[in-house]
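First chain A sits with chain B, and in the next complex the same chain sits with chain C.
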Partner chain A sequence: MYKGAQIITEPVGKEGDLMILNWGVQHPASGPMRIKVWLDGETIVKVENDPGYVTRNLEKLLEYRTWESAIVNVERICFIDDLGTLLNWALAVEKLAEIEVPKKVQYFRVILAEVGRIVSHLIGIGSMFGALGVATPMMWVLAIREYYLDFLEHYSGYRISTASIVPGGLKAEPTKEDFELLKKAIEETKKRWPEYKEVFKDNPTLVERYKGVGVIPKDLVFELGLRGPVARASGVDYDVRTRYPYSSYEDFDFNVIVKEEGDAYARFLVVLEEIEESVKIIEQALEGMPTEGKWKVRVPKKIKAGEAYSAVEWSRGSMDYHVISDGGTGPYRVKISAPSFMNIWALERIAPGHKLADLATIFASLYICHGDLDR
Partner chain B sequence: MDWGEILFRTLVFPGVSFLLLVIFATFYLERKLVADMHGRTGPYYVGPYGILQTVADIFKILQKEVIIHREADKVLFLVVPAFAFLMVSLVAAFIPYDKDLWIVSTPYDLIISLALLTSLPAIFLFAGWVSKSKYPFIGGIRVINQLISGEIPLWLAGLSVALWYGTFNYVEIVEKFDIIGFLVNLIGFAIFLVAILIVADRPPFDIPEAEQEIVYGFLTEYTGLGYLLLAGAKFLEVFVLAAMTVTLFLGGFKGPFLPGWAWFFIKLFFVYYLAFAIRASTPRIRLDQLIKLTWKVLVPLALLNIVLIILLKGF
Partner chain C sequence: MGFERLKKLMKTYFGVEAQEYPQNAVTKTYLFQIQPVHIREVAKLLKENGFNFFHTLSPVDYSPKGRGLELNYFFESIEEKIWVVIRTELPLDNPEIDSIHDIYPAAEACEREEWEKFGINFKGHPRLKPLLLDDTLQGKWVQRKAYVPEPHRD
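What follows is the complex of A and B.
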């Protein structure tokens, strides 16, 4: 029988004078994870991450799926940008089955992956402002995001968790209306973005709060294996799309945004500017889309035993799958290495010495998705 | 004034009932205007133009169970919100809505108002302290830090007006208001506007209740009526500070054609609109940045402003 919690009678504060604050699990800015913060007044002395509150054991669940039905689990790694994770699954399975998909499919997959990146980055920008208690940018970017979601909804039937990329091709053929909706979304972005970008980038209070805060030196990137915008903001020119091109990324002309400062503002700028590059890629893909070929090629029900490793540049960084097949109808074992889980450990190293108020901004600038943090 | 009129003014207008209406109205106005700046619609479905949404929300809050933390001081925990509400309501008694539309008018209106407002941070610190919880405690400490820095520019800018017009009485200040007085007090007006945002914890200075940092500051542990009283006290604080701005710097009820109270509320709306626009556009700053701003910019500027006004008054 529950007798109620024990009342602590001995004085709390065994760790000297420091106040221990549970920043999460139920905290407006933490998301479903706990960050244990040791505070000296307002100054952070020590930080400890405690993720794991939304673990779904996706890797284990994947073992009970077939090659195609696994997409349902794979896309739930992170709902904000599910298209990158789906693309990676398709690539891994195709590598395992030694299948080459038509150029047309590859181009459309690039479009989908970049739409996912734009959608995710827009929310990222909004939540980086959200950490400073102003909701206007979030509302504005959500208005743009809506056009992309309309496209996804019309194409796949779902706004998020689209299940649109399957091993061997695409779940559905894109129609003429889909392309029109996408073009409208691109147009709308190009119309609104210059003004928004100016407002976001030159916001004096944001610069005041983000500049020089949470500096990640270049060495730390290599030591902890940080990825994606976080690594690129610290001067590490690493992007899977250009290093190890997949799905015809070598056909497109785009810049990898790299900043040298390594502070929260640099991370903000990387995310901000990557949206434009994604728009550029989508435009090129729409223009150069081949017409010949099928939208889906056949993938065998059983794939011969073997191993495959595949990586894509997901919106939050490099997303890696290691898939093992034992010749069955589904994967024998899948190992997922996701960027947020790598990036979160930078918090423990860079947060101490900052004020409590900076914890929210540093955490937002690390661009974490709790879905792929726990999986 | 006979007793009947005093009673009417205290209980109906511009007294208790009116102040409750102010809470409803400003809550609705804030939601609607900020939603407009966000590109949203805001409250829409409950009542015409969604005006009853606020009523529904407030009655929902009233139905909530009052939860008191095990370690908290139960009596103080329940009493503190009422005190906050009372203190800030008292300030509203001095505001002249029209030439003879006020509850109290003394030769020391301004001084009493500022003194009553200065008591609020102590009450908020107490609210955080008796909660016996970490986030409210940090919030309470932040209130003190912020308000010590914010009240001094507020006092200095407010007193510079009294210096120019030679009186502390609100009605007399408004009567003496003219375009020269407005121009002379322009610097003071700017300082006062920033200071009321700091004192009332309005964004971008909402540091004591910064949601992303310390949940809800000293309000974190409060539910039900206690929360409503504290939140209402904060709404009223904004109201009285905005009303003071209108009275001191914008000529209060003075204006052509329309009746005095109409002018008062038009001017009040502009001050509110400014506060909402700032809320929708400016991210929150950090506590150390705020203290730097107040002590290195606002306080010296306010002192210079006083010197300027003394010199101008001399000529």
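What follows is the complex of A and C.
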């Protein structure tokens, strides 16, 4: 919770024999968030999350938008992978308005969503190394990410927050050059990734610090409603793309990466290996791209009263919206159920018992985005 | 199967029928409209019948339409791939409902968030304290329709 410009000093101190420490608000592991840690020597006894430093209350802001202009707020849930959140908004509004978009729009949306997943996962891997103070992998993954951002920039005009998926279709028609840039990005990934993957996977620093740390048992996944790579690393085969296919995902052949160990290293591997699967999906979508139909169909300015619930597998897990319409030009109410908001509560359960130095690795392995945690 | 049993028990215990909820674009979903006092019993019944995954809690303020606060709880049965929506309605002044945080620990954070934004008092919740919002917004119940955000400057 934001406390104005004052510096929080109150909880630093002692409670019995325990020392209380503020981990954050600013720290190199991720965005701004305070974690209050009770320590017995070096060992963590208790942890309390204190998010809310980047709250914009998007749910309220959305009530002041039209169906189409809402994309401005929706894509700012998380800037790193804005495409998945935009796709979910388009699906929800199309469900409300009872319209269906042509197959080729669905295919191109899949391409965009997977590009979003790749750029997000690349940064995720970089930050998991960053939590150890190892900076080189971040530079390597950013070099690959640059090719995807070139594609997004050429297609939409923006490198992040692309505003490219709108209810009813796409913002712009993709051109020949867009496809060429995307193919180049895929080529570069396939050229560099096998070597990078080997280096990342067997990195002795990472293996030492991540293996066996922060184990999330399978039961805890159901108990806390954990989602995405965090759930899949604990042996729960839950991926909205294959479980409840949307936007023609049933047409593509790819694997859902599931690991049984549930430790920080398993979560790292899930994120690492999902990049290749996304590349596979993009290649299939490019190959099988239908040609008939329009790139955008008409969406009425006013949508009849009703409600819709939709979910997509976003890079960090299932992203759900509950959208209510009262027959107006914009949403009456939107509930955004974000994966990081659910996943962060695993930290309070699994961190106790570890050393303070492991808090950074556990936190980074939970793959939290503060944008969608706070909204 | 779990859902068939749940349907029967909901009818015998609370006299409510399962309604189709085609508005969920994800998959097959059913809706139960219950009285707020029954929320804990219903949650226990859901858990016993395989609805082991809590998705979210979504309140809607219908006060401009002459109604109160509507609460929607979304659950999923991982095994059966069926979703259930539990819907109930609270009055806008002093809305109160029992917390289900001990039955579904995933609901704890969601309830805390909705307490902060809608002012719903979840009875028995262990930490109803500020979570996301700025100090200046506490107690203003920002997600209610009556609250109008102040501009940063004129």
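Assume the second predicted complex is superposed on the first by the 360 of 375 C-alpha atoms of A that agree within 3 Å, B and C clash if a C-alpha of one lies under 4 Å from a C-alpha of the other, contacts with A are read in each partner's own complex, and residues count from 1 in each chain.
Definition applied: a residue touches a chain if its C-beta (ideal position, glycine included) is under 8 Å from a C-beta of that chain, and two chains touch if they have at least 3 such contacts.
Fair warning: this is a prediction, and the values are worked out from it, not measured in the lab.
Which of chain B and chain C touches more residues of chain A is settled by the count: it is C.
Looking at the shared chain after the overlay, A:E223 reaches chain C, while chain B stays out of its contact range.
After overlaying the two complexes on the shared chain, residue contacts for A:G130 are found with chain B alone; chain C is out of touch. Once the two complexes are overlaid on the shared chain, A:L206 sits against chain B while remaining clear of chain C.
Once the two complexes are laid over each other on the shared chain, residue contacts for A:A311 go to chain C alone; chain B is not touched.
Of the two partner chains placed by superposition, A:A264 touches none, neither chain B nor chain C. In the superposition on chain A, contact of A:H322 is made with chain C only, not with chain B.
Contacts of A:L58 after superposition on the shared chain: neither chain B nor chain C is touched.
By the touch criterion defined above, A:Y238 lies against chain C but remains apart from chain B after alignment on the C-alpha atoms of chain A. Shared-chain residue A:Y246: touches chain C; no touch with chain B. Residues common to the contacts of chain A with chain B and with chain C across the two structures: none.
Every residue of chain A that touches chain C in the complex is listed here, in rising order: 1-4, 51-52, 55, 57, 59-61, 91-92, 95, 222-225, 236, 238, 240, 243-244, 246, 306-311, 320, 322, 324, 326, 332-333, 335, 337, 341-342, 345, 374-375. Taken together, the chain C residues at the contact with chain A in this complex read 23-27, 29, 52-56, 58-61, 65, 72, 74, 78, 81, 104-106, 108-109, 113, 117, 130-135, 142-143, 147, 149. Those residues of chain B whose C-beta lies close enough to touch chain A in the complex are 37-40, 70, 134-135, 138, 203-204, 206-207, 210-215, 279-289. Contact residues on chain A toward chain B in their complex (touch as defined above): 7, 19, 21, 27-29, 42, 129-136, 139-140, 143, 203, 205-206, 208-209, 355-360.
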